[in-house]
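Two complexes follow with subunit A in common, the first pairing it with subunit B and the second with subunit C.
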Partner chain A sequence: MTTTNRVINIGLQIFSDSIRAQGVEVLDVDFRPSPFDAPRLAFTQTGIDIEAANAEAARRIASGKAVLIGLGIARDVIPGMCDKMILHAGPPLTLRQDAQGDAWERMCGPVRGAVMGACLYEGWAQTADEAARLAASGALTFEPCHHHHAVGPMAGVVSPSMPVWIIENAAFQNRAFCTLNEGLGKVLRFGAFAPEVVAKLKWMETVLYPALDQAVRSIVGGIDIKNLIAQALYMGDECHNRNKAGTSLFVRAIAPALARTCADGETLARVIEFMDRNDHFFLNLSMPAAKALTEPAEGIPGSTIVTTMARNGTDFGIRIAGLPGQWFVAPAGMVKGLYFPGFSEADANPDMGDSTITETAGFGGMAMAGAPAIVKFVGGVPQDAIDATLEMYDICASEHDTFLIPALNFRGAPLGIDVRRIVETGIAPRLNTGIAHKEPGIGQVGAGLLRAPIECFVQAFEAMRGT
Partner chain B sequence: MTTTNRVINIGLQIFSDSIRAQGVEVLDVDFRPSPFDAPRLAFTQTGIDIEAANAEAARRIASGKAVLIGLGIARDVIPGMCDKMILHAGPPLTLRQDAQGDAWERMCGPVRGAVMGACLYEGWAQTADEAARLAASGALTFEPCHHHHAVGPMAGVVSPSMPVWIIENAAFQNRAFCTLNEGLGKVLRFGAFAPEVVAKLKWMETVLYPALDQAVRSIVGGIDIKNLIAQALYMGDECHNRNKAGTSLFVRAIAPALARTCADGETLARVIEFMDRNDHFFLNLSMPAAKALTEPAEGIPGSTIVTTMARNGTDFGIRIAGLPGQWFVAPAGMVKGLYFPGFSEADANPDMGDSTITETAGFGGMAMAGAPAIVKFVGGVPQDAIDATLEMYDICASEHDTFLIPALNFRGAPLGIDVRRIVETGIAPRLNTGIAHKEPGIGQVGAGLLRAPIECFVQAFEAMRGT
Partner chain C sequence: MSVLTLIQPGVYRDSVALMLLARELGALPGVSAVSVVMGTPANQAVLREAGLLTSEAQAASPNDLIIAIQAQDETRARAAMTQAQTMLAQKASSAQATGAARPRTMRSAIRALPEANVAVISVAGQYAAAQAWDALRAGLHVLLFSDHVSVDDEVALKEYAGAHDLLLMGPGAGTAILNGVGLGFANAVPRGDIGIVAAAGTGLQEVSTLIAKAGAGITQAIGTGGRDVSEKVGGKMLLHGLQMLQADPETRVIVVVSKLPADSVVDKLMAQVAQSDKPTVLALMTNYKLQMTNDKFATRHSPLATDLRQAASFAVALSRGESVDDARQKIAAEDRALAGKARALKRKLNARQNFLRGLYSGGTLCEETMRIWQAALGGIWSNAPLDPKLQLPDSNVSKRHTVIDLGEEEFTIGRPHPMIDQELRVKRILQEARDPRIAAIALDVVIGYGSNADPASELGAAIREAKQIAAQKKRELIFVASVTGTDSDPQNLARQTDTLKQAGVMVLNSNAAVARLTRALVE
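Right after this comes the complex of A and B.
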């Protein structure tokens, strides 16, 4: 009988090399000690069992419904939406401790561009200069979408006349809102405000919105967006940066109703073409679905689960279930990515948008393994997508019971980002996103990947440790 | 310095076990010697370079176009389609050397059922008994779809009044034809012929067909089906037994044109609903696309590439590029699969249908790795799907340059089944398929997997060796 020595190395590569040279089998474990002082926090100071609180948060997020029940005009349907109010993506602009200046002064170029476009769209200004002066005058109110049960991709700008999708979480009776995706090219969400940008928004308000609203309201029970997300995750989407299957399934779901309710064939054709020509059309449905699904977890005492991750192009902010309403912010990161011809990293604005609500709800970057085609746009291979999802299990409290990943043998997607696990492992959530030009009025210049700034999660952890 | 012995075992597992017990590292290679006497055939007896001929066959299949240009009624558009003629899937029914009886006598239950349904649909008979008597009388002509540039799933029955898709291979100026998919439940292709089956076929002829034909013909350049297949392979389909993405993309592609050409909204709604309610609607487009893509390879002297694999429910038949028009047949296999409640293997008809044209064209079972969801219906895991595709590379001459598999790092799907490689390796093509009840009039009872009977390929190999 032979006795064999086997070694597990959790240290440097050089340790295992020297042992292996002696003919001993070595298993290297990629162990990284946390850079933070973070013993596992099991109970709050008031004795709440954090593990149980987090299980409840994950249960609420996973068990929600997300049904499209109709559309409405922002001023009519978004709670707290007032005249001369403009909503934007991310946390409030004046929160950061070192912040200087008011919201407009701290606003990045593309969000400024989108605000100026909204002023032109609303008729509050006739020229870009007039719009900029109005925005700087203090006459407008800027608030985060997230303070109004809304979300918006990139700049995330919502002004009172814009049509929005209404998503109802039928399990918890809450609603979420999002504008309609404008398509690619020169669009408001990337900071463009040229006349054609505004003209398209007007067409969306006057033609697209009533057609879609009539159709959705004619469908008894609405359209189950959570179900479409689950199906799309079987079809190569992660429903954040790839929405081709979701868009296709949504067209199938709404087209018969559109055919029955649309007054004339030409309008109907243009409405369907508008959806068909934009593989990201579904993003503005998956985002408010994620928002509707995550909100019921807000306010669970002791829970360290992230319920919001959002960027305003200047700052990155998160909120956690146990400390509702409290933002933890840090500077928004720069995206590593590929640029459109003629643009480079020097043109790039920092990370921007509310679309990270998808990761918060257990899909998007969490489900990258199911969307290998995405890695192509940053020069990666499908194994990178699988590795990204596998890593995210390390910082999540649970696995989704409905959002499944075929490539991982139908394992549930990582669900419930736990700030405790982030500070324990030093692993920050992965994000993939579009890149806007840093100047107002230009638009998208590329797309790429980055990680959320870990400082936000450390702040939230410290705040929870104090409760 | 240490000397290490390492062993590669190409024999039985027991060899490596005993070596491994002595502390020696062993790599097991799953090597199976071919069961056939098959030295690599490099040249025909007349000196044709088979490798070069096969490369040309693969090039023609990969470089074809497959564009949907319209629809037509079978008798008007299928070459050689005559009155009282019925086309069926697979090889001719009377080809097998041990065949006894005429086509009707050799016909399996579900093809008989579909023929009886076609007689009722055409008004040639008023009752099932009358239809059976007519079919047995010799008054009908039975020919394979494949003899008329057509293909049909399962029974594959085409009668003169049925509408068919017209696919044009714009690169080679050939056309292929296929009926429209009837949906699930009681349908002709699985041998059902009840009044509701025939009524649905009549609705398809009088409402669905003109609506789709008008729409397709209004689209300049038609609809590029090859492109939709390539996209669907990124979206979890293999476009044989999973067609959910293909169906979704097709609805997107045709819906705007339908909106412009359809006379009334209710008809339009029903046409879209008919497509939406059947995730296999696209199968009857991917099949004739495959047929249009493979036909240009027929007649390349010396090529051992398979251009047809098809089953009539009694026999399995193949044809190869170098011996056009010549069938090599063997008994159709039994499918290992899952059965609907109330049915078992005792109810199953042997393997049936022309849908294996998809594997012949470099997708379907060849691209299983891209459709992990399929393995669920036979209780497998996604790795089985990947393994299935990897194995198929061993029997194919080439890799597709357009049909790519994300899960295999965007590698091209195996293309060009080479009968030489099949006899060298003993590996027969894998098939996945629906299962029909063996009696006429009942329909689908399950779905499952099997391999093509290797005898067909051995016969074709021997025939080519003699040329």
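Right after this comes the complex of A and C.
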């Protein structure tokens, strides 16, 4: 027997009071029964120990490497990318049982806008009207980024000519892809398709992409993005809604190589300026890093760990490790947020984008406690951010061994969202996100947070009970 | 419409803070649009779109803060601008911390307090087993206070605990003392060399406090929950707790207390007792093979005690290296003194006062009183009788000699346990006081952690009133009680005893003494 007691009390307060009165440390559990009245699921019907399966899923996610090894053009490097194919964020658009119409008909305004922008960018159409007609004609193939090892913020639209980052998970030999972040304001990912939007994409393809690709490929071993995420979490980013530190770190990491490989001084200056003036430049690196880290957990039998959370602006969808390939979808929620001048909630589109891959991989909203600069989103004071992260521990199977939170005494960020724990506690994951205008062509109107729709997790739980 | 712009050079604020500020300003009367942004080209473009880009704003640098306000008229715009400056100048007020969020599950609590070694679980029964599993799997000892946990769950939990050298105390375990810390309803008992394992909650409290009253102390006091000693559970935790105490170098004497163990459990218990040379006092409250086992174990300094007082005094004697026979003689002397007191009290009673009442908060103490009374008085009626034939048809109406366990579920639905709330006992005392055939009422007063802050005062008031009711009918009503507790308990043994005495209660050292004295009043 040990000589010192430390006690966890769950239930009656008098018991913890009397133990505390004896000078013993007591932690009270704020127990509430499952709002879904769900039974505890410990084993699958085939006898798999779910807790062990989840531990393995969390181990794989935490132990991956995420290295930027170069860039490529989507059609050349993304597996399964075909001509006239457009990838979008979130689950497939036609999955929901009550869904009516084809993918284009179910698309929200900003995704439609981004698709139209992509048609203009690819030269498949010359005007917005032409682009809309083409998209509605059935001549294009729409598929989720997630079906192609890719992720995209907001609309998440990827068309064949777009340059993409290539992230390699060296520990598991898998790769993930993501477009380059265009900056704020009127941008394709928020559904803008004006000529200057397309012009910027063309500049990115012809100037930015070759410069960055040469620089990255000149760095032996590439750039360790997981390491940059870990550092950025020490510097006030949660690497989803705040990427200031990550962007700065990335510019530091790539600048010498860029200077060596870029022959033209003005091009070098413009490339560096482009990265430096966009506080979210790093988001399109943290996201594919998260994708590369989470994919190895897919297909672990019996695991109830979430490997995908994604939204297409119409629906929210998740996938879990033990049921790979199967989506569980529910209507996308509305973001509670702060708005740019001239905009309000009435302008907002429902929740959108693949960026919730960051929460899935153990940062983003999970690491809110590490990002005091953006606590206004969660209530206003740093304690609210800490509470937000503490709550996420309740629904996660593990804690990250690399992504640490200084404000929590360097405790690992909550890792491995477990649908069982969500159903048990009624706590849905917290998501940080940007807000797009609901009409195509306008762009970002604010940012904020919301919780994932809990129905998806309940569906996944019920599906797992049947296995 | 009026647009007003103010440039604050070199003032930096996070964009989120600025958006929040803009939102608050936008809610002011007459204000139609507000933008508070750093003067970057991107932000200037946004201002242009919103129709707020004045020439001053156009000229601002990325290091300047732009406040742009559009309002119905200039007066309102100026008012909003003043407000904006005030809000920007405000220093962050001391954080209105909402307080650290508490973990919602056992699993996340364990991660938040990785050094935790004990879990106390008192959630509703249908949720309790899952919590206990989480705690056991993380290597914590568990005090499972919750009832309504299935026998199957109890068996599985206890098998796992036993295989991992952990304690799973309960379900329905209200008390334990681990490493000097009282869990649940427990008393402040000094450390010593006597270890207790008990399938009887108030039995554990009574024995541990009697040990303390005798000046000795304990190592560990392990409660198992009453169902542990049933045939189905097979005494798993009683045996496991006994093994742990046998292996514990600090424990030199062991006491095993149990209410009504199944015969098979007694067999296993005896076999386990024989595995160790440590003196082991058995207070089993059973009629099973008493004499035979007593003879067998008496030679090994492991006597059978017939009640809790004996168990404690045997243990204290063995701890001090004294003989059990000496302890028996001391008890016999005490009993003679009690008989003398009884004779004196009996003179105050009239010829019709022939029956006893026991009103108990502790189940084991209730049972002890029934056993002691039954030995001389025959069948004792109860809501929890020793013999099912003596089940009271109505628990609220006493018959002949009656002992009531007010801690039984029928009395605790929708109200606190009588160790916390005396209300039912107070009512019952006043009800019994009106019965002219009653000679005496026996009571237990269990203090310690978790119990009522001052039970003696609440009971004392009722007892005074009851005595008045009897006095009006020219009767004497005798109250005899013991206080299960120590002077280190929050309620303080001496203070509780004094309060009861002032109310006219005869306070004895143990419940067994209470039962013997009251019995002598009607024998």
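Keep in mind that, in the parts below, the second predicted complex is superposed on the first by the 433 of 467 C-alpha atoms of A that agree within 3 Å, B and C clash if a C-alpha of one lies under 4 Å from a C-alpha of the other, contacts with A are read in each partner's own complex, and residues count from 1 in each chain.
Following the convention adopted for this analysis, contacts are C-beta pairs under 8 Å (C-beta built on N, C-alpha and C of every residue); 3 or more make two chains touch, one makes a residue touch a chain.
Model, not experiment: these values are computed from the prediction.
Visitor: Please tell me which partner, subunit B or subunit C, touches more residues of subunit A.
Guide: C
Visitor: Just checking: does A:L390 make contact with subunit B only, subunit C only, both, or neither of them? Give me first, second, both or neither.
Guide: After superposition on chain A, A:L390 lies in contact with subunit C alone.
Visitor: Check whether A:I427 is in contact with subunit B, with subunit C, with both or with neither, and answer first, second, both or neither.
Guide: After superposition on chain A, A:I427 lies in contact with subunit C alone.
Visitor: Regarding the shared-chain residue A:K376, is it in contact with subunit B (first), subunit C (second), both, or neither?
Guide: both
Visitor: Thinking of the overlay built on chain A, is A:L249 touched by subunit B (first), by subunit C (second), by both, or by neither?
Guide: first
Visitor: Once chain A of both complexes is superposed, is A:F340 in touch with subunit B (first), subunit C (second), both, or neither?
Guide: In the superposition, A:F340 contacts subunit C only.
Visitor: Now for A:F410: first (subunit B), second (subunit C), both, or neither, which partner does it touch?
Guide: First partner only.
Visitor: Take the contacts of subunit A with subunit B and those with subunit C, and give the residues found in both.
Guide: 2, 373, 376, 381-383
Visitor: Using the touch definition up top, name the residues of subunit A that touch subunit C in the complex.
Guide: Residues 1-12, 14-16, 18-19, 21-22, 24-25, 27-33, 40, 42, 51, 183-185, 277, 338-342, 373-374, 376-377, 379-384, 386-387, 390-391, 393-394, 399, 421, 424-425, 427, 446-447.
Visitor: For subunit C, which residues are in contact with subunit A within the complex?
Guide: 14, 16-17, 19-20, 22-23, 33-35, 37, 40, 42, 45-47, 49-50, 52, 68, 95-113, 115-124, 127, 130-131, 133, 135, 137, 140, 145-146, 178-179, 181-184, 186, 188, 220, 244, 248, 420, 449-450, 490
Visitor: Would you tell me which residues of subunit B are touching subunit A in their complex?
Guide: The touching residues are 2, 23, 231, 234-237, 244-245, 247-249, 251-253, 255-257, 259-262, 265-266, 268-270, 272-273, 275-276, 372-373, 376, 381-383, 406-407, 409-410.
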